[in-house]
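The next part holds the structures, each set out as structure tokens.
Presented sequentially are two complexes of chain A, the first with chain B as partner and the second with chain C.
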Partner chain A sequence: MAQATLPPEVLDDAKARRYSADAAGLGRLRAGAFVAPALALISLFLVFPALWVLYLGLSNYRLTGAAAAAPQSVGFDNFVKALTDPEFWNSTWLTFEFVLGSAVIGQVVLGFLLAWIMRDRTGPLKRIVEGLVILAWILPSAVVSFLWVALLDRDDGTLNTLLHSQDFAPLLDHPMLSIIVFNTWRGAAFSMMLYGAALGNVPPSHLESARLAGASGWQQLRDVVFPHIRGHVLTNLLLISLWTFNDFTPFLLTAGGPDGKTEVLAVHVYQVALQGGELGYGAAVSTVILLINLVVAVFYLRLLRSKK
Partner chain B sequence: MRLRNRLMGAAVVVVASGLGLTGCGQSSDGGSGDTIELTIAQNSIAGGKNAAAADYITNWVIPKFEAAEKAKGKTVKVKFVPSGVDDEQYKTKLSLDLKSGKGADVFDLDGIWAGEFAEAGYLKPLSDVVGADADNWDGWAQIPQSVQGLATYNGRKYALPVGTDGRVLYFNKTLFQKAGLPADWQPKSWQEILDAGDKLKAAGVPVPIQINAGTAMGEATTMQGVLPLLAGAGGQLQQDGKWTGASQPLKDALGFYEKIYGGSGLGDPKLQQEAKGRDKSFQQFAGNEIGILLESDYLWRGVLNPETGVAKMADRDQSVGYALIPAEEPGKGINGQDFVSMSGGALRAVNPNSAHPKEAFELAAFTLSPDGLKEETKNGNVRITPRTDVNKEILSAEPLLTYISDKVVPLTAFRPPVAAYTQVSVALQEATAEVVSGKTPDQAAADYQAKLEGIVGGAGNVAS
Partner chain C sequence: MTRFVLHRIGFYVLIAVLLAFFTVPLLWLASAPFTSDPTYQVRLPDFTSENFRAILDNPYALGSLWNSVVLAAGTAVLVVVFAALAAYALSRVRLPGRDALLYTLLLLSSIITGTAAMVPLFQLAVELHLIDSQLGLILIMTGGLLPAAIFMMKDFMDSTPKSYEESARVFGASPLQIVRHVVVPLVRPGLATIAVWAVANVWGNFLMPYLLLSDVEKQPAAVIMYTLYTEGGQANIKLLATFGLLYSVPVVLMYLFVSKKYGFRFHGGIKR
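And now, the complex of A and B:
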């Protein structure tokens, strides 16, 4: 890599080349020795498992039964099966709804609103609000899910008790909405903190000038604040989209049900690979998920780069 | 400086993971010195699921077994590994443990998993793992052939049978009285169940009938729902080596679901979709909200049990009635029967990876000794044990289990003991889920057949 970027005339001069390509003066061997542990760890814990998943995806490997003892290669059958399986596309669509609803709209909007409202405030109110929002974020998933099940439960749920209603069952009647609201509530803290920090970087003088020029609140937001925090918005979107995309917590609320209506991809893989025992097929689905993740990441990174 | 810190960090990680690996390697040879360490795992936990079984292992088996081994000059330490989860989750955990060459030395599993575990190499024939001791165990002589069959796969014994069970229709006598139904109710056809449901509904019972459906209930849907109904309509899952597809008996069984959940108000469709639906059905039955419930004897001894149940019913013996599951119409069941049931049973296996298979087998056999079983089943925890000698003594005092052993076991049926069964079972659960959410029985049966063909290797293995 480094060599390819060197200008041609430097290549002629061996001495100059040594200094520019090897700034630390370590030499190839020693430099290699320094990065070797890192590369070994990356290979062991990232590259190898990824290749292993690819390999498993080409087999009929199962958790139990004869195919667990002696898996056979099935070529690309698993991938074909995944891409032609309506359940897979259903899960992909549900995941898209979940990411769009809870991350791109829910967490970003709620997080930004909280940061915007709290931006000039000081004192206990701000600290209490921030504390509560962050608490929702740092509590363990299992604990939080249990609380939400207790809140939304159809028979003795807190919500039903408060509303004096009978048989109001959000987890069964509006399962997707339930997990979207849940995840918005749970993850808004990250966006709030990130936007809070970003808003602090907007020069007050710019806002002042805009106000003097008669800009409305919305105009200030659009023309002064947003250009300053655009990078933060995209980074935030990238991170929370990918987190939400791979989030398994909805399983703790609905177990993918009722009838697969909340079976997002992370849950789908768990169902087919571990509950259903089809490890080979599950690996193929995981590979497809990995590719979707890459596409999402590349899309955001492109947007981020295009600001320059 | 920073570079050095990072390198140090990497070195620490490498060393730590190295230590972790050697640590794992050593743990499998079972401790140091002369002490033999054994673990025993079950899906039971003190104060929760199958609490009586957990208490039996912790309070009786472990101290007595350790003492008995001590008398033989061996120092044995036994550790109990409890679980209190749905059977499907327990199975996942168990197979992951076994896949990685670990797991408890002695573990319980549902008999129907034996085939797929054996195929995967997670279970090996007892005589291969343990040696001649397994075949010479004196308990075999006391275990009926049908129960031994639960532990047998391709003609070889893979584990010790823990017992057997049977399914009946439970009904709430208090609610029946309110609806003007007899306390000695015994329906003779499906229509009579529906008629009773109508009367219960008219009397204001919230959930007149609960027949498990949907995927959330897992195997409970198949065993306490589809299969008894299928048998009642004269159908079998597998016949003469071929699987049964969208047959008329299956359509009849799914049609019965439609009559209960398709808007008649006789059942609660939402309960079938809830993640914890079966646990709720237990609570509702114990809370006098369900009129009729198809369940196994586990409901009686493990759920409603006034002492150790998970949904205790103090007046269980007075207010819970039970009846045989009728065929669709008299004589229409499998083998021309008027009444049907399904049975299964748990197994207790020795881990092929165990470092001490002989002692592990001794432990498993010890839990099934006559003294042990009598201890386990005392104080109202009676169940049908594998041993006829013990059953003769303990069952007479327990009306439901006598009923099951005398009336149900003779007419019961078993699931096909093949590795593909569990996948077929999931397809059946999905068929019931489709009916509950509004599809026609014909459509659900056709979808089932399509899935079945995928599971068992093509349409050639399916008869419709």
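And now, the complex of A and C:
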């Protein structure tokens, strides 16, 4: 469910109004009936769980035992417990490292670099590079996770072969760095495509005059390109941060280990609630995740509105 | 002149490094299925088809691929039908509270992720006896995908001209006939896009089936793949190689199909 969102023009009211006339004579009643099944499923399986998580977070619900049969309200105990639990803060910090390293730095920089060096190119080289980057993005996460497990294997992983090293086990020795590099590899395609589209909007004449005026490559980037793509950069940052923050794929590589060194919040919730059975406490952590998502999403929607 | 040459060299070195970074992790998937006695090492394949027998020998491999097909197809059908109906109504009829509804849908689709909702969804599935039910999983995943699907679909609906519907109405077609025979053909590319997007989403989804299906005979390929490389003892590398390849091929074919047919245009953010 890590999907997302829409082009800005969706919110374009003027366009919508032009075509909004009820040309087929549907009428409000039938229109309501058309919307009903979708709303029913969304309410039951999306809205209700989101509200219920708030309630669960205030209870001592457990997967098994007495508290499973008759859960009781415990007020804000779960939240207090989370906020005083070093493991929660450890996970929060790891999540911050993961989002900052793999999304804000890794995917943005690599995605932009790819879009920038491919911007004027056509032909097979561009198709091959883009094809491979996109392949990393579209393959199922269970498959790419295993490919990285094989790549980083201590005994005969390809990385050890390439480095002529022995017994180098990145997933054990540098687990956080491993999942950051993995996620950068995995998700760079989105940023590449977004910046590719954005760079297409930079008028070539502006770049040309900057070049004639003797601007260096870096100056061209900063003074000509960046002002044109600023909105895209912000959109990109918000979306990939949101996705990376909610990404469960690190679990497939390291299952949070070794010793909880890669237990980002997504994995932490799974471990405490579904492995440990503390559903109430897990729900409290989920509530924190929901609130962070809400803040980022509201920022994003504000941004879309202001662009209009 | 030397500056130009250095520039060129630098450029190609950079390209080579980037290509290597993206290619090396994928090499194994291309070589191991066709190599005799594969290990984690990447070796030149000798093009044996021996390894594919491992799939037939495993009792769950083919079944899990079929389960993936069932889950993906079931979810895609429900998402396309319900999203199309809702998007059409929302596009053409000014229902009370429509704009607020659309805004809320948009917000919900981005904040209520599998990660944030796994605890209550698991609870809900237990209460409704939907654990180990493929239909239950299909409904849950449909609910998760619908908001974004309605949004994308409404975009398609808004950009179709209403004049066809008007003329059909002049000729006495009923509203439902108009929807079926005029609107559906007009927005077919949109329907196809949503269907492919939903299939891709479900095909790769690991978390939901992992949470909600514990019966190994019902689990889709994503979960079986994970079990294969994490279960205790010696991992069956022949099986992992060929199974991983078979599980990946449909996604690649779908991508090629979409990019050939519609061009992989970039639409804000359709992500799997």
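Heads up, the rule we're going with is that the second predicted complex is superposed on the first by the 242 of 308 C-alpha atoms of A that agree within 3 Å, B and C clash if a C-alpha of one lies under 4 Å from a C-alpha of the other, contacts with A are read in each partner's own complex, and residues count from 1 in each chain.
Operating definition for what follows: a residue touches a chain if its C-beta (ideal position, glycine included) is under 8 Å from a C-beta of that chain, and two chains touch if they have at least 3 such contacts.
The structure displayed is predicted, hence computed values, not measured ones.
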First, second, both or neither for A:Ala197, with chain B first and chain C second: second
Chain A residues touched - chain C or chain B, whichever exceeds: C
Which of chain B and chain C A:Leu135 touches, first, second, both or neither: second
Which superposed partner A:Asp259 touches (first chain B, second chain C, both, neither): first
Which of chain B and chain C A:Leu172 touches, first, second, both or neither: first
Partner chain(s) touched by A:Ala283 [first = chain B, second = chain C, both, neither]: second
Chain B versus chain C as contact partner of A:Gln275, first or second or both or neither: first
First, second, both or neither for A:Asp155, with chain B first and chain C second: both
First (chain B), second (chain C), both or neither touched by A:Val47: second
Which of chain B and chain C A:Gly32 touches, first, second, both or neither: second
Touching both chain B and chain C, residues of chain A: 34, 37-38, 41, 155, 255, 274
Residues of chain C that touch chain A when the two form their complex: 11, 14-15, 18-19, 21-29, 39-42, 78, 82-83, 85-86, 88-95, 103, 105-124, 139-148, 150-152, 154-155, 157-163, 165-166, 168-169, 175-176, 178-179, 182-183, 197, 200-201, 203-208, 211, 221-223, 225-226, 229-230, 240, 244, 247-248, 251-252, 255, 264, 266-272
Contact footprint of chain A on chain B as seen in their complex: 3, 6-7, 10-11, 13-14, 88, 92, 95-96, 99, 113, 115-117, 119-122, 214-216, 270, 273-275, 280, 419-420, 422-423, 426, 433, 437
Residues of chain A defined as touching chain C within the complex: 1-10, 15-16, 19-28, 30-32, 34-35, 37-39, 41-42, 44-50, 52-53, 56, 61, 113-114, 117, 125, 128-129, 132-151, 153, 155-158, 161-162, 185, 190, 193-194, 196-197, 239, 242-243, 246-249, 252, 255, 265-266, 269-270, 273-274, 279, 282-283, 286, 289-290, 293-294, 297-298, 300-301
Chain B-facing residues of chain A, complex: 34, 37-38, 40-41, 62-66, 68-69, 154-155, 169, 171-172, 254-255, 257-259, 274-277
